[in-house]
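For reference, the structures are reproduced in the following blocks.
What follows is a pair of complexes built around chain A, which joins chain B in one and chain C in the other.
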Partner chain A sequence: MLGQIAYALPFLAQGFALTLWVSLLVVVLSLIAGVILGVGLVYGPAPLRWAVRIFSDTIRGIPILVLIFFVYYGLPAVGVHLQSFWAAVLALTLFKTAQVVEYLRGAVASIPKGQSEAAMAIGLTFRQRLAYVIFPQAFRRFLPPWINGVTDAVKGSALVSLLGITDLMQAINQVIGRTYEAMPLYILGALLYFAINYALSLASRRLERSFAFIRE
Partner chain B sequence: MGYTLNFNLIWRHFDKLSGGLLLSLELAVISIAIGIVIGLVLAVWYVSAGRVVRGIIAAYVEFIRNVPLILLVYLVFYGLPTVVDIAYSAQTSFVATLALYSGAYLVEVFRSGLEAVPRGQIDAGKAIGLTPWQRLIHVRLPTMMRITLPALSNTFISLFKDTSVASVISVPELTYGAQWINFNTFRIVEVYLVVTAMYLVTGYVLLFALRLIERWYRTAR
Partner chain C sequence: MATSSSDSAALLDIAEVSKSFGSVEVLRSVSLQVAKGEVVTVIGPSGSGKTTLLRCVNFLESYDSGSIRIDGKEVGFRDGGQRQRRSERDLASMRAETGMVFQSFNLFPHLTAAGNIMLGLTKVRGKSKSEARAIAEHWLGRVGLAHKADSLPAELSGGQQQRVGIARAVAMEPKILLLDEITSALDPELVGEVLAVVKSLAEDGMTMVMVTHEMAFARDASSRIVFMADGGVSAVGPPRDVLAAETTNERLRSFLARFRASHF
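Up next, the complex of A and B:
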């Protein structure tokens, strides 16, 4: 049994690397998209605010799995052809973007109104207010929940195995298909996911502690 | 482009979706009921236990929370029967998985709720001569319940969405119904639009109902 698993290790390592790669892409892309949409939600004109609100509430209201299938099977039906890898990244990014939007909104809302009023009073422009007053403070409140939420991207990425992408989950299933060693391999897989996510949650706890001195 | 929406085939097979939705709700309700029992017992045990028990409970919580649900579903359905001599249907297996899964999240919810019970209430209970057991039943748990109810509602709604993962072991819930229609009629965009609406409406109706219950529970007595 151990020999078989040892033989499969390079294959599992490839899956592990793909899981990390998908997660990283999703985390980076959703951070960019989420911050832009989040600023739109807080400061944008009414139609933009409604659009972002509807986007975020819809995405957060449906299972990620449905979103993944919708993007993967739906896009080709309307004539958009993406590789399954990119369809998966797109779906997970949409899901994660909606979360980032909410973290950003929460973080900005937690900054006392007096701060932006004071910034306005000394004549800072909108961009300066964001860059020098709001964002530096909101950042500290945005970071811990955001890092905590990174584990959601890693866990969500396991669903892309259903699209035939050989991530860690799919690699595990394929090795089981050949060796019939279901239990040891699922446990190995669980430990690998655990290792990634536990490391992330330890990092987020450290960050929370290093920002703990900031209290109103 | 040039895709024309045609919902006829969706309505013809709508029983797959309506039945699926009911099953999704059923799976979520049974799982959270068991999960609440697991969560309550472990949380009460945790706050009064020694280091070893705390370590074991924390390990369970951390393990479940850091592993993808789909892997747990596979592990319980395909993995467990290979080492233990038990047989169960996909549905039972999924409920067991989701119950263990929600239990891990609820231990945390209940534990922080128990710790948030004001010290004065427990001291007052002691002062009027309640035993530790009576203090738990009449003082700590009711107050904890009021504190944790919003978190409990949120957990329930996210579990309702998580039931979609049951489709990977062919439990005929809502997402499975959607895939069936997807593969058999190819009205892909239509079916996912309808299913998205069904998840959204059900989710928001549940949220609204639970918020009403929370408000009633806060003002009652």
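Up next, the complex of A and C:
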């Protein structure tokens, strides 16, 4: 039994690498898109605010699995054909982006209005106010929910196996299909997912401590 | 158009400024000129528009009509009479010409006392870090906080925070300093140290417009006092005239009477 599993390890490692790769793409892309849209939601003109609001509320109201199938099986109907890998990344990114928008809005809204006004009063431009006054303070509130969201993204990435992509989940299922060793392999899979997320939460705790400059 | 042709002595020229919040008219055709080096104190009951007027001067609030000029330059709108709001960049550089000190201090909690002062100097004035640090230390010394340069706001008392707030504003070398009820959030025993700083700035010739409830200080430190009521200027003049007990201005008299009862 162990011999069979050992034999499958390189294959599982590839799946693990793909899980990391999908998660990384989704986390980075959703962070960029989410912060841009979040700033639009807080500071943008009314039409932009409405557009972001509708996007965020809609996406968050749809199960992530439906979103994945919609992007992969639904979009071809309107002429958009994506490889299964990119369809999965797009769907997960949309989902995460909507969450990042909310985290950012919440974090920025928690900064008192007087901070913006003081920054304006010394002559900082909008971008400077965000960069030097608002974001450094909002970051501390943004971080904990965002890290939670990142671990969700890692776990949620297992859904891409449903499009036939050989991520960790799919690799495990395939090895089980050959070896019928369900229990040890699922335990191994669970440990690997756990290892990623535990490392993430350790890193975030350390990061949070180093940003504990405001005593409240 | 940009250079003031009429009253060249007025550094700040507020002309017939009106503003409404919805159906409430908070400023009714307010006019006020402030000359270089003058200290003008705005008093009046709450809701009379004092703070709003001050916030219009650096365009933290927009106004509906009239004009506000500093050194002949319209503050919030482009020159040319179209009432077109200035660009973000333009507004920022206009605001850098006025300093503001807030009732709630509004220090940046993630920066040290020196860091608070250096931010505008480096990012707006383009000074190097070491230059900015030297200026910050100079002003912290002026407000008696040289030893607190590396303290975070949370480590300072209210009075110390407000003195850093003043240092942050004046370090930018503004043409005008706006003081918005800067002692109202302070414990009574801390008011004096802040007012002493304001007084020393006044003696240095800093042009100031301040809103305050400290009548004794207004009387001693102001060149002129403006009494606002219901969004308009109800009385203006030297302290001894405006604060005179025998004024014929009914509103002013009842305002002062209430103040004497509780403060003097």
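Details
By definition in this document, the second predicted complex is superposed on the first by the 213 of 216 C-alpha atoms of A that agree within 3 Å, B and C clash if a C-alpha of one lies under 4 Å from a C-alpha of the other, contacts with A are read in each partner's own complex, and residues count from 1 in each chain.
Assume contacts are C-beta pairs under 8 Å (C-beta built on N, C-alpha and C of every residue); 3 or more make two chains touch, one makes a residue touch a chain.
The structure displayed is predicted, hence computed values, not measured ones.
Residue contacts after overlaying the shared chain place A:Tyr73 against chain B, while chain C stays out of touching range.
When chain A is checked against chain B and against chain C, the one touching more of its residues turns out to be B.
By the touch criterion stated above, A:Ser110 is placed in contact with neither chain B nor chain C. In the overlay built on the shared chain, the residue A:Phe126 is in contact with chain C alone; chain B does not reach it. When the shared chain is aligned, no partner comes close enough to touch A:Ser210: not chain B, not chain C. Once chain A of one complex is fitted onto chain A of the other, the partner contacts of A:Pro136 are limited to chain C, with no touch recorded for chain B. When the two complexes are overlaid on their common chain A, residue A:Leu162 makes contact with chain B while staying clear of chain C. Comparing the two interfaces of chain A, the one with chain B and the one with chain C have no residue in common. Those residues of chain C whose C-beta lies close enough to touch chain A in the complex are 58, 60, 88-89, 92-93, 95-100, 102, 104, 106-110, 119-120, 123-124, 152, 154, 168-169, 172. The residues of chain A lying in touch with chain C in their complex are 112, 114-115, 117-126, 128, 132-133, 136-137, 213-215. Residues of chain B touching chain A in their complex: 1-3, 62-63, 65-72, 74-75, 78-80, 82-83, 161-165, 167-168, 175, 178-179, 182, 186, 188-189, 192, 195-196, 199-200, 203-204. Against chain B, in their complex, chain A makes its touches with residues 58, 61-66, 69-70, 73-74, 77-79, 151, 154-159, 161-162, 169, 172-173, 176, 180, 182-183, 186-187, 189-190, 193-194, 197-198, 201.
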